[in-house]
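Dropping the structures in below, format is structure tokens.
Next come two complexes built around chain A: one with chain B, the other with chain C.
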Partner chain A sequence: MEAFLHQFLSGLANGGIYASIGLALVMIYQATHHINFAQGEQGMFSAYIALILIQAGVPYWAAFLLALTFGFVSGVAIERIIIRPFEQAPVLSVVVVFLGLLFIINSLAGWLFTYNVQAFPSPFPAGLGGRYLSAHEIGMVGVTLLMLLVIYLFFRFTPLGLAMRAAAQNPDASRLVGIRVGWMLALGWGLAGAVGAIAAIMAAPIVYIEPNMMGGILLYGFAAALLGGINNPWGAAAGGLIVGVIENLAGAYVVGTELKLSVALVIIIVVLVTRPAGLFGYTTMTRV
Partner chain B sequence: MTALLEVRELSVAYGHIPVIHNLSLLVAQGGITTLLGANGAGKTTLLRAICNMKVRNSGAILFEGRRIETWATEDIVRLGIGHVPDGRGTFVHLTVEENLILGAHTRRDRTAVAQDFERAYTYFPRLKERARQQAGTLSGGEQQMLAIARALMLRPKLLLLDEPSFGLAPLIVQEIFRILRRINEEENVSLLLVEQNASLALALATHVYLLETGRVVMDGPASIVSDNAAVRRAYLGY
Partner chain C sequence: MRHRIWLVLAVASAALSLPAAAQNTPGVTDTEIKIGQTMPYTGPVTAFSTLGKGEIGYFKMLNDQGGVNGRKVNLISLDDGYAPPRTVEQTRKLVEQEGVAFLFSSIGTATNTAVERYLNANKIPQLFLASGASKFGNYKEFPWTIGGIQATFRAEARIYARYILKEKPNAKIAILYQNDDYGRDYVAGLKDVLGDKYADTVKEATYEFTDATIDSQVVSLQSTGADALLLVATPKFAAQGIRKVYDIGWKPMFFLSNVAIWISTVIEPAGVEKAVGIMSSVYVKDPADPGWDNDPDMQQWKAWITKYMPEVDPRDQNYVNSYNSGMALVQVLKQAGNDLSRENIMRQATNINDLQLPMMLPGIKMNTSPTDYFPIENMQMMRWNGKQWVRFGDLLSGSL
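Showing the complex of A and B:
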């Protein structure tokens, strides 16, 4: 029982990371109907920025905030400079752009920071640790929950959040009330970039930092987004927690740790076959 | 009366398919101008061209004497042109209240916006009852009211209306047209109205343009145009 509880709770903690990546994917998907394959790599790059700042003597939370800002600004820049020109391009072209972005950021990180696996500090004091979870896992849960809450409040209660939701839902009608839809898209990319940065910085002490650190996490995040419903951000967040728990329990009791990653693929396939809209998503009818 | 909106020798195409040819018209300050014409005459396209929405055009469009035909839609809107598009274009997943808040997106004068909320609810009391409901759950008539109310939140000088009667029951249509007349008189908002329901539009309008396949074939004061025998035969059926 004790071991089960440990696996369950640590699954929830990992799930927070998947939830964050899933949320970032959904934020961009809702506005553009594209999956940003480079979401994980953007986060990884921001985590490296944090690491370099910390190694240079900047206090952890200051480095955290600066890396978050970097994630935001680079997200906006990527949308404005790289994605924008492909606004009217066919889906496959955009997919190739996203894949290219993934490899470019990955190689850039390898070139700048080397492919060596490095340790990443955790800001949470060891005393925070409890019977079932380590200090970092508890802190990680706290940070991801706080982030989800802030994002929720932003979209639910601020005029800018409302305008961003409107722009994602109905770009034409948004222009007719004077919303600058292009900027709302860029802002969405920025927010997704910041969320991805948080996920990577929180994951780094566990998976260690290296240019490929987000590969598996992106896959889980994608599974989370699909499971929760690719058009429902809160579904994606819930999906992340569920995927985290399933992954950990399956790894401990069913398939063993070597096959853990395939669990994400199995979830993706099962959802796509049985319930393409996800648990909390809705199907959109298109009149033709 | 001076012209609020002037369209000069406008030609519009979707891709390479021309829809409007060399069209000129004036919308008078404070008036109600209506565009009549059959399906495919280019009425909706003209409204979209005024707001520079997904159409290619040549010619000039002047609003208060300023050329706006190359401006971005969101900047044209900010000048005070409210557009109630066909299909209404409400945000169906957002509440009625959120739709109205978005209508005032470009404004920063909070107290005046709060007053305009009350004003919108005075014109359309039913929207107040449904303030917290998702717009997608409203009836067709209520959605049309919401679309008009949302455009009013902009405090527009000119309101473009694309077939506000479309698909609605006659009683609802009469109510909406009564409110449009009040908006025109009480708020001094000029209207450019596209309609298929000719008798309704002629009763409301001060000035009429008849469109056929992208060209103006006749225009004049509503009272004179509606006395024209050919117009009566083609549009009014008597």
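Showing the complex of A and C:
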């Protein structure tokens, strides 16, 4: 029973990482209806910025905010400079651009920061942790939930959030009522960049920081977002936690560690076949 | 059409495998020996490519000193990004366009496997490839492929298994390994020693390279009641494992694969105090160990790295490995004299007796024969004391 509890909780902790990167994916999807394959790498790069600032003596939370700002600004810049010219391009071209971004950012980070594994500081005092979850793991799940709440409030209650949702769902009508659709898209990218930065900064103390740190995590982030519903932030967060727990429990008790990733993916396929919008997503209807 | 392709292939391979005298071995002239290798200069394991950089630096020194028998060694080191299809492409380029005499110290298990058949079919030596996988000693099937200047993973696992049997005969053993050739070699090594007892005494768990963490596996293994642990992981996962074992209060007899003994990228990220007591093994001299400061070989090595590679981090053990493998090659070329045919190169590479390379631990000698394609088989155990690795005990043989 003790081992079971332990597996369950460490699954939740992993799930927290998946949930936060899943959230960033949902942000971009909300704003642009694209899936950004370079999301994890953008976050990783922002985390490196935070690390360099911390090593230079900047207090943790100041470095955190600066890295967040960097994530936001670079997100906007990428949208304006790189993605904008492909606005009318077919989906496949956009996918190739995203993949290109992934490799470029990854190699750039390797070149600038080396490929060596480095430790990353945690803001949460080590004493708070117990045997089952470290203080950082508890803190990370807390930060993810907080981030979720902020995103929810932003989209639900602010005029800007409303305008962004409108711009994504019906660009033409939004333009007619005076919403600057282009800037809404860029803003969506910026917010996703900031969320991705938080995800990476929270994951780094657990998985350590290196240019490839987000590779595996992004896969699970996709799984989380698809399972919960790519158009629903709550769904993505719940999806992340579910994937984390299922992965651990199945690996430990059902199929063994070799197949634990497969089990998570099979469950996602089953969900998508029976509920294509994900567990908590809503179905979009288009008039043809 | 199909027949014509086969014809072209047949002619091409016949041309490549013509018996070559010294003068007409591709890549060999009176003043130069051209050799080739592939290295991951880009991609996820770029860190490994320091081996190639070190070897280039080694041959630079050698050529400044006049080369071997009046011939300079020209190493062409190409990037394969650690992707086997690109290894094939680059290796063929080295052989068919650059016209190298042989391949030397290309890195990686999957990458070398991908070109093993091609090189053997064309009778081109694949010398001292940089992989610890025990599959590269199969002289019957692949007589042109010989393993690197390092102990194999399988030999290392046997040493740990024997240590456990001696110190803790009733231990229940847990092994956590990366689910690929690298990890499975350690399982094979444990089985070599434990035999029938393996099934009863060993509990296995694996992880995939894409996993976020290996915490769950550590928890599972602890709950089996095991009191000895062998962690076979690449640096990032090794650091995670060391931290998790400590955090959950598990205190097994702890062995760490020597792929992950790096202080800066494993022990420090995990926490130097969390790793106290962990054992691993070693076969080279560690430049960071002050015990070697007065060793003339170490001083020469340091002089080399200061002069030829001033910009690198000398704590990276690949610069020791590259120095050793460069010297091993020089020995082969010296033995070969002026008969630099591919047959003779291979004959000499498989006839090295008791060669003490300067940066190997004293007593760890390089031995090969036509029926022994594993150049290094001895190691010494060591233990992390919170500040550095401390070697202990005698040299141990990892052979069966």
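One rule holds for everything that comes next: the second predicted complex is superposed on the first by the 259 of 288 C-alpha atoms of A that agree within 3 Å, B and C clash if a C-alpha of one lies under 4 Å from a C-alpha of the other, contacts with A are read in each partner's own complex, and residues count from 1 in each chain.
Definition applied: contacts are C-beta pairs under 8 Å (C-beta built on N, C-alpha and C of every residue); 3 or more make two chains touch, one makes a residue touch a chain.
As the structure is a computational prediction, the values presented were derived from the model and not from experiment.
Student: Between chain B and chain C, whom does A:95 touch in the aligned arrangement: first, second, both, or neither?
Tutor: neither
Student: Thinking of the overlay built on chain A, is A:77 touched by chain B (first), by chain C (second), by both, or by neither?
Tutor: A:77 sits against neither chain B nor chain C.
Student: Taking the superposition as given, does A:176 touch the first partner, chain B, the second, chain C, both, or neither?
Tutor: Only chain B is touched by A:176; chain C is not.
Student: Touching A:261, do we find chain B (first), chain C (second), both, or neither?
Tutor: It touches chain C, and chain B stays clear.
Student: Using the superposition on chain A described above, determine whether A:162 touches chain B (first), chain C (second), both, or neither.
Tutor: A:162 sits against chain B, while chain C stays out of touch.
Student: Examine A:138 and indicate which partner it touches, taking first as chain B and second as chain C; both and neither are also allowed.
Tutor: Neither: A:138 stays clear of chain B and chain C.
Student: Chain A residues in contact: does chain B have more, or chain C?
Tutor: Counting residues of chain A touched by each partner, the higher count goes to C.
Student: Using the superposition on chain A as set up above, list the residues of chain A that contact both chain B and chain C.
Tutor: On chain A, the chain B and chain C contacts do not overlap at all.
Student: Note which residues of chain B are touching chain A in the complex, please.
Tutor: Listed in rising order, the residues of chain B that touch chain A are 51, 53, 72-74, 77-78, 82-83, 85, 89-94, 98, 101-103, 105-106, 150-151, 154.
Student: So in the complex, the part of chain C that touches chain A is made up of which residues?
Tutor: Per the stated touch rule, the residues are 42, 44-47, 179, 205-213, 215-217, 219-220, 222-223, 235-236, 239-240, 247-249, 264-266, 268-269.
Student: So in the complex, the part of chain A that touches chain C is made up of which residues?
Tutor: 2-3, 6-7, 10-11, 13-14, 17-18, 107, 110, 114-119, 129, 131, 134, 203, 206-208, 210, 212-213, 215-217, 219-220, 247-248, 251-252, 256-258, 261
Student: Once bound in the complex, which stretches of chain A touch chain B?
Tutor: Contact set of chain A toward chain B: 159, 162-163, 165-166, 169-170, 172-181.
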